[in-house]
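Next up, some structures in structure tokens.
Shared between the two complexes below is chain A, which has chain B as its partner in the first and chain C in the second.
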Partner chain A sequence: MLSRKGIWLLIVLSFMFILAACQSNDETPNDESNNGVTEEEVNETENDNTNAGNTNDNEEVNNETDASSESGGEVTVGIEAEPTSMDPHNTTDGNSATVQSTMFEGLLRFDEDMNIVNVLAEDYDYSDDATEVTFTLREGVTFHDGTEFDANVVKENLDFVRDSENGLARSSFFSFIDEVEVEDDFTVTIRSEEPNSAMASYMAHSSAAMKSVDEIEKKQEDEDYNLDREGAVGTGPFQFVEWRDSEHVIVEKFDDYWNEEELARVDQITFRPVQEASTRVNMLQTGEVDLIFPIPTLNAAELEEEEEIDLFTGPTTDVFYIGMNFENDKYEDLDVRQAMNHAVNKDGLIAQVLDGYGTIADSAIAPNVYGYSGQPIYEYDVEGAQELMDGSEQSDGFEATLWTRNSTEFISVAEYVAIQLEEIGIDVEVQAYESGTLFDMLDAGEDTDMWIGRWSPGTGEADYGLRPNFASDRVPPNFNNSGFYINEELDEMFDEALATPDEDEAMEIYAEIQQKIYEDAPWVFLHIPDAIIAKNRDLVGIYVLPSGAVNLNLAEFQ
Partner chain B sequence: MIPILFIITIIAFLFVHLTPGDPIRIMYGAEIDQETYEQMREREGFNDPLVVQYGRYMYNMAIQGDFGQSYRTRSDVSEEVLRRFGYTFILTILSMFWAILIGVTVGIISATKRNSILDRLGMISTITALSIPEFWFGLMMMQIFAVQFGWFPTSGSGTWLHLILPSLTLGFGVAATIVRFTRSSVLEVLREDYVRTARAKGQKESVVIWSHVLRNALIPVVTMAGLQFGFLIGGAVVVEQVFAWPGLGSYLIDGILTRDYPVIQALILLFSFQFLLINLLVDISYGFLNPQIRYE
Partner chain C sequence: MDKQKKNSPFRIFLRKFLKQRLAVFAFGLVIMILLVGIFGPLFAPYDPHRPVTAQYADKGIDVDQLTSSTVQLEGRLSNGEVVDQSELPQLQTETENRRIASIRRTQSGVQISANTSGATEAVIESGDVSSVAEILVEGEVPLDDVEPIVSQIIIAQPEEAFSIGDEYQINFEALKTDGSEITTIEELRAYTEEKYGADEEEDTSGFQSGSSENEDSASFQLRSLTEDVVTVNEQGVVQFEEEGEGIVQIQSGDVSSVVQFQVGNEQVEPILTGIYLESTTVELTDAYKHQTPSSMHIFGTDHQNRDILSRVIHGTKETLLIGFVSVAIGTVIGTVLGLLAGYYGGWLDSLVTRMTDVLLAFPGILLAIAVIAFLGAGLTNIIFAVAVFTIPVFIRIVRASTLSLKEMTYVEAAKSIGVPNTVIIFRHIFPGTLSVVMVYLTMRIGVAILIGAALSFLGLGGDITAPEWGSMLSAAKDNSSNIFHATFFPGLAIVITVLSFNIFGDGLRDALDPKLKE
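Up next is the complex of A and B:
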């Protein structure tokens, strides 16, 4: 008796498991516990597998694959991490900016060569003293919600974002603005208290995007309205459809886009966050995604061999450096700092650690940053470096600790540098920390010795590239001058450059600043990594901004 | 259970708040200035004493049923946890199905055919399965079955096909553990007097194994499987990451890396609760498997 019961129990148990498993399989698409993964999604995933879309929904799309004039279809993009917000005013990360750039536009933007071009503005003019810039706006632009774009929209947006009460991440970015004045329906003037020749380049930044005033009003009326997730109403060629955490962000073609020549060529773009780089590579190989970035340098070399895949590389605006703490006597002597710069073989670093995907940093900012001026680099010269060390206050060498983030990329750079510094008698111990912890340690500023850093100016121009790292008022707990580098001469020059209305003159000052910094060697200047993007060969019309953001607005299948 | 959960809320809260790292700094980097940073801290209430923050957290959670909003993606944490729980649950069930199917079968075969080739083979495979890192194994499965053969999608979610590779990857590791447990447990029971008695009675070997041996041998296996289930239901961090499966494991990792306090706290609480619950269920199931086990 007992035994029979036992058998039954086992059978029932295993049936339960099978049943549960089957059920979950069958019901995945609509299961409640899944909160209703929609039909669309199933279709879309199937599309991924067949690359251009073979489901009923997309019959037309299929028929058109050979006709290049009117293409269509859906692009799927594998990105490294999930966006954090759909609100350009509350975003500082590249993934979010890439997704947002399909939906939002500003008055101006940067093109591939970092030139400022008009978008929602038709023209702009500085006043003679560079305290005012007046924009003539484009007429006939509508937002995705049907509202009209005009001067008032610009004022509402800028006033909303710069009001620190609203707690937006970009509020300080717009702190240069003193007043926004609507001159008439399509003319608007931005005033700053101090002369500021960088105003146009600020307005070309992705965070100076215009969103529908309706959304701003919703937020003003209801404190709980979630602009980050719901407020994605811009004027761009694509409009927001859906954002599911860890799954996708979907945007679809906006038919009433103002610029008929640049109407979206594809019907939909799906962004899928896939953190594991090898998985992104696999997905591209199977055709589940059409475009992936970023890619580890090792995989890049491998993908370059593939027939069906195109690889794009181009320098980013990131500068890798070794910072050092000036409160520590070891680094007081210029000879020591220059010796350290000479001791590191930058070519070797790029060839061995980056598989060749990078360039030497010949300034504290990258060539693609507005206002960059290259310097003669510190040539790799161990003997020269040793001589400098011998003649310095630290002729016996010293011990140092090098903090790094715990990602492979950072650790391998740190290890490489450590080995080379040992050649000139600097005994470096590499310590890796999770990045959040490392930020905390640097901001505390108590035990900092050497650390490996990476800096990219979010604004794409020199002031933001230099000031946070070298201005006296940016030492901990403020960021990002974690090495307590104090140079009053530079402090004055930063302000002077900003206050110079003439752009060429301003650029000259920035060039001088960069020369002084490079010669004073507060960092060991390392390299500028390449942005690597891989795509399905049939997908065209994509370009990469120097900031590393990918522009997909004109993507289409050949 | 309630007092334990209460203590867990305190531990979870202290754990996340005492970990170095600042959510705002991590999220926005050095792109925001000191003033904005301070305002954001103030807005999130980080400048209040920990006791006040804990009180607010408990009030919102216990009284309002509000687990807060993720700092990272600004989505509602309780909704998100619920949604992801579905994904993790399905993945867990299917993985456990593979694990038990493979584990118990191979375990019994290994034990009854002890020292045969089959047994050796089984033992070698389990040791291998146990030693292979999930991470690598997952990528290999993907490489072979998705990239080379194209039978399954490489990653993501949406259709039931998306489930197969991650669940197999997860299931194999667990299966290996179950095989070893089943084998040793069956071997032990085979030595018992009542098994000899049963055989002496002249019962068929299959009856002996099924009704005498297995019932007793499976008890430690069930404990083991329950524990494994407990681990898996907490989200399989590595596998979810590799296969971009939107479950709780990847949520936890993202949460920890960005110091997304509301997310981490909610998940710790959920996982603890699950463990308590599973332990209870395992205890109850003993009674079913062997009615001699009774609780006062």
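Up next is the complex of A and C:
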């Protein structure tokens, strides 16, 4: 009898294991994808940690704060999801970058006008052929753990992240670097094989932040040392305190911050992941949090009315698009692609899905990106689109699958375009996936058909806005050209633009590239959403970048 | 004969059932829901997959210029000629509040599209001249107290040439959107100060961003753009100082026009003096989405502007399909296994009951989610998932009644005369379990519908654009604090359906219970 019971117990247990296995199967790919080519995700707020306020504004801010700097206080921020990592070199989502931006700094950063300004570098200089950039570093900067910042730190950091064996998500981002050479204690040179005039922009990106060499050594000594959880030792105005899963990440003021003018004005910042957007809004209204983003567009109008709440809306550098797989014969005909562009009513999309908080994408990059050149947009014209379809190879229409992320915003966009494409005979089935799963599927590149994409160049310039999406060598499995769009003419122009030292000439090439891309319609160009950020009226000093990213380093209470 | 009929089990059952008013009412509802499920799609007022705005034309409802409109405009030159908008240089368009309406230059003209309801203004500018159109978007925000605004200024253009020393009094008409005019400088100045003076509020939001445009919207201006040729004083008297081309501008906030003078005999090139709008008020309707319930859309429309009533009707079919098919599968398998386990006992019984215990240990929804995670999303998989967690319930109840029926003397009698086991199970025992099964079946349908809706609410139903009650709720939930009808009606449909099936099942149970007397 006993043994029989034992057998049942075994069966029950094995059943549970099967179920457990089902679950873990489901999770693993997500994790991988977070470390994989999730650059799309990154770019939402990628620049956060690179800005800390325009130097011009600093004086003004300082004058204001002298009186109140004693008061300090604690800021609580409602963010949209749990951060994935505390290591900028292993971070591809904007949410984590926002948190990290309080603790980490790079050599350079972008200011509110997307200009590159010096942070840990005092100066930088390109060589004449643009294959080298030499940084003169700031002296007297210390990390939160007390170690000194010098040229060696820069080399160690860059070499560590570039080494693909370390498995950091950002390793491909730094693939342009050929060699990092320490000239003296405070001079370092970065070399690339090809002329590259965008190197400074790349070094101003949030993932080019410097962490303490001690942390890298700990990782090298101990394979299991978890840099994502514990490696948060940077040079920023705040230092890491604790990270409790799905509860909060706390950072506190770092008193020995090198830049006394930009010393933190508050004692502590708490980031609380609140996934449900309406909950975030409620928490702000009740005063539980001081700042929230993003905000559903319908709530935004409501918040605008409230006395105690300030609402910021401004353009971002995100571009929403429908990608299509060129390995799929149905998208080969230019007429089909243009018909699809004409079939989607962008005005209606912005009004209906975004409640007016957006603008039409008239190029593959947003107006706030350096090198942008607007094109005459594909006007909404169903009859014209139908005519184009009738004259194309796909005159009978076709069936398609549209992949989208499963957040409300993405699903609404997908539903909207599906309805509109159906009017010209394209029978679209919308499938929603968790974003990690979706990126994995796109990286695999096997069953890709159409997908809703969002891209924003974290470097703020055209090369990173265009090349990852349209260059032939950026196709899956490694990069973001998930539609296998091959255009050799463009490839040459990308290289030409980067190698052109004269800025005006480079801009002209970029303008030409954008015109060619827009006319060739490898995407259905949709819209550029507005950044919507809301805060308690008493909280000031919140900087918003042209990309829509938020920086909290100079936040303070009035 | 009559008496026998009167006391037949069916008669008794019917009498007992009809006594329960609520159950009878629920039964009526169930029948109605079934009819809607089968024939409803034929009567649905709109196509549930397309926005209603695209369907108005087919229904014969006038939708002309509903959400967007093209503004006809032309430029007038100082020599009286009229140029088409396509030839205007540097035409800039902007709306004051992009949330309410956006404006854009297209190949065919200047297009204004409504975004949300309210009133705003569109500025159309070309160089020094500009005009304003009032945009009224009908919708939630009331538009009753919208003040008329000055839309364009028409300055009388003198045809003769002037010579140095001459004086000229400028005459103009500032046209308001309500048709009235302002013709004196004082009035226009007062109007401008009142309207544009209040606008200059300091931005104290505490947000710092690079893209802050500080346009100096100088309120009222009467000035010469060619200072050395002509001067103009506050009363609008123009003095000619030198030979050449003189230009005077009148600006009231966003509205601006110029007048050109030829001083001396040298012919001047005609310039653009004003932009003239054919209609100064653009009326649009915010009909993009979330139309509230009205006679046109009894349940309103959803976030993609689809008719909710039509979607609820179309969704009935799928909902019932999930309910019936999954429960049917579950019942058949569950009953067969329950009969076998109960009748034969032994290892078979142990195996079946332990499996049942395992399955019952999981909450139903969790089990269904596990099955979906394994098989992938989709309608058939939802049916299968719901069936899986229906099976154990039926195994339990059928097994229990089989165990008691097995001990009945008539079964014993059948056994003793050598009736085969299969015949005993299906002829002697199965009918005895039927009443319990029937009751549970009806109740289970309600639960199955609820689980089905829950699964599609969680986005596991495959095509998320399909008109299913669960996914309708899911799509509408984020706006539920602002929009009432989008969640209410699909939710109501679920509540009514599940409640009807449950109450009907309850009534059935009471009527079939022999212990309850009439």
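Going forward, the second predicted complex is superposed on the first by the 388 of 558 C-alpha atoms of A that agree within 3 Å, B and C clash if a C-alpha of one lies under 4 Å from a C-alpha of the other, contacts with A are read in each partner's own complex, and residues count from 1 in each chain.
We take it that a residue touches a chain if its C-beta (ideal position, glycine included) is under 8 Å from a C-beta of that chain, and two chains touch if they have at least 3 such contacts.
Computed from a predicted model, the values in this text were never measured in an experiment.
*Asks:* Give one of first, second, both or neither to describe whether A:N480 is in contact with chain B, with chain C, with both, or with none.
*Replies:* In the superposition, A:N480 touches chain B alone.
*Asks:* Counting only touches as set out at the top, which of chain B and chain C does A:S278 meet: first, second, both, neither?
*Replies:* Both chain B and chain C are touched by A:S278.
*Asks:* With the two structures laid over each other on chain A, which partner does A:G348 touch: chain B (first), chain C (second), both, or neither?
*Replies:* A:G348 contacts chain C only, not chain B.
*Asks:* Just chain B (first), just chain C (second), both, or neither: which does A:T92 touch?
*Replies:* first
*Asks:* According to the stated criteria, A:S435 is in contact with first (chain B), second (chain C), both, or neither; which is it?
*Replies:* Touch status of A:S435: first partner only.
*Asks:* Do chain B and chain C land on any of the same chain A residues, and which?
*Replies:* On chain A, the overlap between the chain B and chain C contacts is residues 4, 26, 278.
*Asks:* Can you list the chain A residues touching chain C in their complex?
*Replies:* 4, 8, 11-12, 15, 19, 22-23, 26, 53-54, 57, 111-114, 277-278, 296, 298-299, 301-302, 310-312, 314-315, 347-348, 350-353, 355-357, 359-360, 368, 376, 379, 406, 408, 411-412, 415-416, 418-419, 422-423, 429-432, 533, 535, 537, 539-546, 558
*Asks:* Show me the residue ranges of chain B that touch chain A in the complex, using the header's touch definition.
*Replies:* Chain B reaches chain A through residues 20-22, 25-36, 39-40, 43, 70, 72-75, 79-80, 82-87, 89-90, 93-94, 96-97, 100-101, 139, 142-143, 146-147, 150, 153-160, 162-163, 207, 210-212, 214-215, 241-244, 246, 250-251, 254, 257-259, 288-289, 291.
*Asks:* Quick check: in the complex, which residue numbers of chain A touch chain B?
*Replies:* 2-4, 6-7, 9-10, 14, 17-18, 20-21, 24-26, 28-29, 31-35, 37, 41-42, 44-46, 48-49, 82-85, 92-93, 164, 167, 169-173, 175, 226, 228-229, 244-247, 272-276, 278-279, 282-283, 285-286, 288, 434-437, 439-441, 443, 455, 458, 468, 477-480
*Asks:* Give the list of chain C residues in touch with chain A in this complex.
*Replies:* 49-51, 54, 67-68, 98-102, 104, 106-108, 111, 113-116, 205-211, 286, 288-289, 303-305, 350, 354, 358, 370, 373-374, 377, 459, 462-465, 475, 478-479, 481-483
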